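Two complexes, one shared chain (subunit A), two partners (subunit B, subunit C).
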Partner chain A sequence: MKLLSGLRAWVVQRVSATLLLGFVLWFAVWLFLVPPDSYDQWRALVAHPTAEIALTIFFAALLAHAWVGVRDIVLDYVHWRPLRAAILLGVAVGLLATGAALALAALHAR
Partner chain B sequence: MKLSIYRYNPEQDTRPRMQSYDIAPAPTDRMLLDLLLRLRETDDSLAFRRSCREGVCGSDAMNINGRNGLACITALAQLKEPIVLRPLPGFPVIRDLVVDMTQFFAHYHSVRPYLINNEPPPERERPQSPAERARLDGLYECILCACCSGFCPPYWWNPDKYVGPAGLLQAYRFIADSRDRATRERLDFLDDVYRLYRCRTIMNCTEVCPKHLSPSRAIERIRARLLGEAF
Partner chain C sequence: MPPPAFDHATDAPDGRSLISGDLQSRHWGDRPRFLDLRHLSFPPGALASIAHRASGALLAMATPPTAWVFLRSLASAEGFAEVARWGRTLPVRLALALLLAALTYHLLAGIRHLLMDVGIGSSLRAGRASARVVLAAGAAAFVAAAAMLLR
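Up next, the complex of A and B:
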């Protein structure tokens, strides 16, 4: 696979979409079967090892999916290269900062 | 019948306009092209392309009531009035309904739409099994009318970089050909963020193809081949 191939982004988009869909369905079923009715129960639910792994995969897939999607929109509509580079840089920084904030929040919650 | 036709002559007009016509079709006028030819008897300034009159040459592709199609195989009876005719969307207009196809054919040539096989030529021909030949059905029939590319939003957004559905259908026609030996090079060429992967699977191309072909399926198969080659 080429480093800057279209295939890589396409695969990331498809795989992440499948993971997101899987998580949403799994989470909906879980909430339906074991509905938490207090903050402590929510914390316990999220702190469950299975939920931790699932949430980590979910947010990683969400960030990757968002990157490919926004990048596609920018490639389609923004043709002036300096503006395109600036927008992509801003999006990348924003997504990385979101990922870092999520990781810090997860560590803080432990 | 009432028509509203896009008119633009860059040598005379500062901007395009829609011109209204009201013309009675003759009893023998069955298709839109018949009516356009009759209209031109009274207004010979109207420009449009046409040749075979039977859906084979692809010359008279245009936007008919908001949908791309060939005037020669579009029955008048199925059209709502006023019939609104515009040039193929996304293509530079040369005059009235005539568009510049230079970029379109540049993309077509970029996929090398011919058999590449440097093996010594056989005495008679390169044979194919019936199954290998059947794989080309739905691919080789393309007449390059550009109805698909002219109805494809990603092609409007990046007409200089995205090969477009017509070119990609032709690319897959040779990737799928058992006699071709340049599959790897063809796939490498298409594995590009613009050439192939601007496709959003909107499927307008398949929806409007006057030959009932499916460029979107061909594009999916190219992606599947690329995926298979990568892993």
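Up next, the complex of A and C:
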């Protein structure tokens, strides 16, 4: 697990945090200004080219941020190696499956 | 027998040991471990940090189900109607209020951390003050989210 640890994890956490902060504020304002009342409106909102790019960046940043954050917590509090490995494996599988489902849906929508 | 000497490293000012009985024999090298949560004090910064972790863990756990609901709402008109229907039920609105409050708090505490990283408000005084502010704002966010979603 050298891929996301040490200084790199620290940087990833801060860069993704900044991206997520910007996206959440932007999306909240957008939802407030143009609340989607129907499926077609909602679909059009998400399929908007700007939203498409932003959502891709958002979910990538979210999954990376969640991984680094949960990893930090688990490494701090779970000291028994087998349990630590099991929890980290479960979290990794859950986050990767989420990413895969999102990516497949995005490809399918094209 | 003389009374035991006061040990500055392990004893609270009132003379209680900071280390609970079953932990007294467990040391890292020469250093004792202060793990008795009943005797440790939690300054505002520690509470803000723990709440940041707890809200983050909650948001991380909510991510896969939220992504699933997001995809379902986009998959078809029926899926959208179904998600809208869930959104009107009490348990979902309760969970939503909790997540919204957790997100608001996590963002505020996160902004606090990012500012401290670049040296803004990283003095002890400012850190304690900002910790109190984000904790109060988090509590306010929970009340506001609950009031908005549970009307």
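As a convention for this text, the second predicted complex is superposed on the first by the 104 of 110 C-alpha atoms of A that agree within 3 Å, B and C clash if a C-alpha of one lies under 4 Å from a C-alpha of the other, contacts with A are read in each partner's own complex, and residues count from 1 in each chain.
The rule is short, and it goes like this: a residue touches a chain if its C-beta (ideal position, glycine included) is under 8 Å from a C-beta of that chain, and two chains touch if they have at least 3 such contacts.
Since the structure is predicted, the reported quantities are computational estimates derived from the model, not experimental observations.
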{"item": "Touching partner for A:Leu75 - first (subunit B), second (subunit C), both, neither", "value": "first"}
{"item": "Partner touching more residues of subunit A, whether subunit B or subunit C", "value": "C"}
{"item": "Touching partner for A:Val11 - first (subunit B), second (subunit C), both, neither", "value": "first"}
{"item": "First, second, both or neither for A:Ala101, with subunit B first and subunit C second", "value": "second"}
{"item": "First, second, both or neither for A:Phe32, with subunit B first and subunit C second", "value": "neither"}
{"item": "For the subunit A and subunit B complex, residues of the former touching the latter", "value": "1-2, 4-7, 9-11, 72, 75-77"}
{"item": "Residues of subunit C touching subunit A in the complex", "value": "53, 56-57, 59-60, 63-64, 67-68, 71, 73-77, 80-81, 103, 107, 110-111, 114, 117"}
{"item": "Partner subunit C, residues of subunit A touching it in the complex", "value": "14, 17-18, 21, 24, 38-39, 42-43, 46, 59, 62-63, 66, 69-70, 73, 91, 94-95, 97-98, 101-102, 105, 109"}
{"item": "Subunit A-touching residues of subunit B, taken from the complex the two chains share", "value": "154, 157-158, 191-198, 200, 223, 226-227, 230"}
